[in-house]
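Input: structures, listed below.
Both of the next two complexes hold subunit A, though its partner changes from subunit B to subunit C.
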Partner chain A sequence: MENSSIQEPFDLIRLSLSERVFVKLRGDRELTGILHAYDGHMNLIMSDVEETIMIVDVAEGAPAGQPATVNVAKRKMEMLFVRGDGVILVRLPYCRICRCSCNQVSPPSRT
Partner chain B sequence: MSFFDFQGENLEDERERIRNGGLHENEDVAVYTWGEDSYDGLGDALQEGDDDFNDETFGGPGVVGKDFDFAGQTSLLEPEISQHKTANRAVASPQDLAPVRQAEQHPPVERRAPQSLESIWDDKSPFSVLPRENGGSRFAERERGQPSISQFSPYPESPMLHQAHASQGGARTLQEIEAEMRTAAIQSRNTLQRQQSALRLQQEEEQFLQEQAFQRRRLAAQQQREREREEREMQLQALQRLQQQQVMQMREHTQHQRTPPPRMLPVSQSPRFLDQRQMLLLQQEDQLRLQQELQEQLRMEDLERQLRAQQISQLNQGPIHFNHRRQPSGPTIAELQALQQQQQQQNRRHRSQSPAYQEFNVAQQNIQMQQRLLAELAQAEYLREFQGATQAEQEALRAEAMRKIVEAEKMEDKRRNKAAKIAHMSRYNDLMTQSDKDFITRIQVSQLVTPDPYADDFYAQVYSAIVRSRMGLQMQDERVLKFGSSGGISLGAPQKGPTRRPNAMQRMEQQVERIVSNARRREEEKGLHSLHSLQGALGKTSGRSYKAAPRQLLQVDENPATSPSHAHAHAHISKEDAKEGAATEAAKFSRETLGNGGNVVRKDPLTHRQVLAILEALYDLVLKVEQLRRDRPPQEDEQAGQQWERECNEIVEQLWEGLKVMVPLETSNPHPFVSLLFPSKGKKLLPRLTRHIDQPRMLTLMTLLVACFTQLDVVKQAPLLDSLDDTPEQAEAERQTQAFLTSVLQSILPVVTKLELHYVTALLGLLIERSQDIGALAQTKPGLALLTLFLSRVEVIKQAWGTGADPIDRVSASASLEQWQAVFDQFFALLTPHFLRLFPSSRITLQAHHPASAALAIDIIDQPVWQFLAALALLAVPEQHQVLVTSLRDKVLENVLSANKGWVADEDERRTKLANVNLFLHALGLDSSQITL
Partner chain C sequence: MRHNFCPLGSLIFSVFKTLTDQQVTVELKNDLSITGVLKSVDQFLNIRLDSIKVLDEARHPHMMAVKNCFIRGSVVRYVQLPSEHVDTQLLEDATRRGAPT
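And now, the complex of A and B:
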């Protein structure tokens, strides 16, 4: 009954308005923040954002099997406009029911 | 002139040789002797036949047209040649001066027209029909009327004419053509010579003519001078007569008598000129009145003489004056007076003239003004002399004059700048027609029209409403243009102060209305005709195509009900479904009844997504009802008012349903309503929503909230706040708590402030009963805030009763007071072991890594606790006071001590500590200053 209002994918994003969301971006970046607005291009306006940037360093001339070192850089922003063309996914960061922080996103493994 | 650099002599020689048959001997060329005796007859061997369609293929042997005569066309564009030709014509008849002058006065454009048309008129090519620029066709008609003019052509026959004649006369031999070319070459040579001599002649002639004209003009000028002198004398006499009369009469009379000469007009528009004149005139008048007539006569004659001398000298200065055709003579007295009278009027006219118009005169005026100024200065000098003014007066006059001149120049500059600006701006005037502008406006406006102008421009509208209320203006509520029910345009924020805009706005409104009505009409028409007009617009399918479509092999009945097998399958599935559903339902039901002993259907708590979906739906409803409240119909329209009322109530009903307040308490844990308050937007929604809910329902809502208070996320997560570690969870809890305090408690505040005492008693009892551990609840911010709210409400009621402000029934009042005291005693007893734990500062342990500012923050978060304790102390009986003081003694002493001994970071912290303590002590009738350490 409650789901009758969901007719298109954007309705799901609408549910997340003014909620904390997890946004995956191109270029190995991830955001968590409170979603305030979005549009059809997936442009987002977020506040209280923490950005996580994965920096994958592959050593020069290293053998193929050697795992690359992954450095994580983080920064915080009070208010952020995200251009929609970089957005890969938007989801709630953790489920309310179990109160667990299901925020374990496996970092992109590039070997 | 020769073609392709062929020398005329060579052509001549060539021709000679050809004529003499030299070709046969000298040329090493195969010679074809077709038709002669020596003809070898090879031509007869040619295969003849199948030539039937030759004409059709290569064109018939018809008359060759002249359309290819492009040389004739291009020669039209050689004005130089034709000019010389006309000059030659003048040479041919030097005695007759008239035609020459006429020719000279024609612009060259016209002059080249005749000979070109000569060749064009008699052909039928399309070129001759086409109108040409420079008014050639107009001229051509005149030429047709007088064909004899062509006789004036310097060429007896122009080369072009040759070609024209030749083409009419059929095919020509090569010899003929060559002959023509030769003659043309010779003629062109001759022409060159003739042109040179003609040029010489022309120059001489022009000189002669100029001289003649000069002399004639001089004669005329002399005559004119004579006339003017006479006129002036007459005027002088008239003036002398008139001076005996009154001034006013005289002025009228002179104005009547003669209008100023035309040359005065443009100059007299200059304010500089007028000012100076006026000044001089005033002096003159005074003096003239004083002097005797004889003297006057003498001086006038003297003036006259000098003026004449001046004129003559100016005349002799050179021919420049002739160009101007004006004789800059000094003004006579009469002229001056007439001028003075006209001054006012002309000044007015001068100002009323549009700057654009003045711009046209500026250049001309400048030249004139300069000349005039020079003359004026000379005259002023002279006039001063003869007036016999004193030296001081003269100086003053001069200074004044200079000042006026500078002023006038400034004015002039300003005016010129303005005119230039206007001219600059008006460069693009009339580039677009009105329909162009309308078209563009239509496009722009069509982008602005929306079905719901208020909602589409919501933020601007709300902002402008706020701005307006701040300015204290009471304008119409919405700045939108509405067109019936179909749409409108938002006008955005209001303008500040009167501008040109309102006018433009009105115009836009009108235009928009027109456009919208037009569009609507078009829409209707389209609706009527759309089916017919679009049928077959993409072409019709040919009859064959449907035959090519595959034949239908399966005949499936459209109505499945008639298919027995299908219906059976469907029924089977649905039956099984129902059975299964019923089984689970039954199991569930039994579980519920066993678990709770009530007949409440237990359900799973709402999932997070369900909550969010419900909240979105609620937000939609809230927005709808808010919009509806804004669109309240006017009072007089009762039917619309009722309709509006119904709609509002319906939406409010939906809101109430959506809030799920009426769902039985035991349905789920957390209760659906509490689930809705989990997300911060749910908390924020409540105050917007409760505005539309009436008092009894709000009471129900609050009761539910109190009953389910421990289920609230903010209460559950409160321990998280007792940490100074900055974790995301803690930040989230902080955010939620803030939202709860500012939104949810704010929305129930108006209900609490109207609560009766027995209601408060019941609510407090309910809270104690439902929360199991009231001490723990009081340790949470929301719980503490709610308890403070209740206690302060009771205190207010008690005060109202005490002062008699609230007339009450004593019996019921004492009964409810008794009830309250019982509940309060229970509450106090339950709370007593927790008094110290109420303080966040007692729960929080400062760790080394925490910032120094955290200490002050602790005091600040203690503040609500002190407030609560103060409220508690106010309601407590003396024994309870005792308990309070003994429990909190350490805390109070610690605060006072640290404040007095300076164990604080700064003055702020000290003051906060003392204020906190005093808040509580004042409620007990004490003060921190009474405490001695």
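And now, the complex of A and C:
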């Protein structure tokens, strides 16, 4: 059973090994890539990585509440070590539990 | 205990040790990117680089004369590794075992 194998938070990451994962980082950065290794600090080694950097530009003197323009920069890297202190979350691009593509990792059901 | 992580994070430490004398690109948290030959690494993932080159030299002219450097592990954001020298299968197996390579 898929659910019974998830006991601790790191189990979810262990099940993501050799799968394409989505990683949210500090500094408005996101990565997608194939996860090959991690450790207890959440240091990661990933391959075939695409990084997305959100650059938010708030126009000078613009009235409060005016939407800021968001520029998105993307770049690709073949093999990347990511230091764990910058990692906010790691998730699979599809639901691990029901294998749908709802883009969420739902908690194991307790029923 | 199923997660038998080494307190020193020795899996990734071992990976870096196998990559000594390879060319890597270290990106720091202040957005400075330095390419150089990895000379040594320690348990904190502090890194010593030789024959360094700063990617955007125009923005960092004070780095032009620097030929080698020591980088404190905590200021690193990424390290771009030479993929041909990384055995991904070995990494995944070692990570599942929670043991160093």
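To be clear about the criterion, the second predicted complex is superposed on the first by the 89 of 111 C-alpha atoms of A that agree within 3 Å, B and C clash if a C-alpha of one lies under 4 Å from a C-alpha of the other, contacts with A are read in each partner's own complex, and residues count from 1 in each chain.
Keep in mind that, in the parts below, contacts are C-beta pairs under 8 Å (C-beta built on N, C-alpha and C of every residue); 3 or more make two chains touch, one makes a residue touch a chain.
Only a predicted model underlies this, so the values are computations on that prediction, with no experimental measurement involved.
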Which partner reaches more residues of subunit A (counting touched residues only), subunit B or subunit C: C
Subunit B versus subunit C as contact partner of A:85, first or second or both or neither: second
First, second, both or neither for A:47, with subunit B first and subunit C second: second
Touching partner for A:77 - first (subunit B), second (subunit C), both, neither: second
First (subunit B), second (subunit C), both or neither touched by A:8: second
Partner chain(s) touched by A:17 [first = subunit B, second = subunit C, both, neither]: both
Intersection of the subunit A residues that touch subunit B with those that touch subunit C: 14, 17-18
Complex contact set, residues of subunit B against subunit A: 605, 607-617, 678-681, 684, 728-729, 732
Contacting residues of subunit A [partner subunit C, same complex]: 7-8, 10-11, 14, 17-18, 27, 34, 36-41, 43, 45, 47, 77-83, 85-86
Contacting residues of subunit A [partner subunit B, same complex]: 2-3, 5-6, 14-20, 92, 95-97, 101
Subunit A contact footprint on subunit C (complex, rising order): 2-3, 5-7, 9, 11-12, 15-16, 29, 45, 73-74, 76-83, 86, 88, 91-92, 94-96
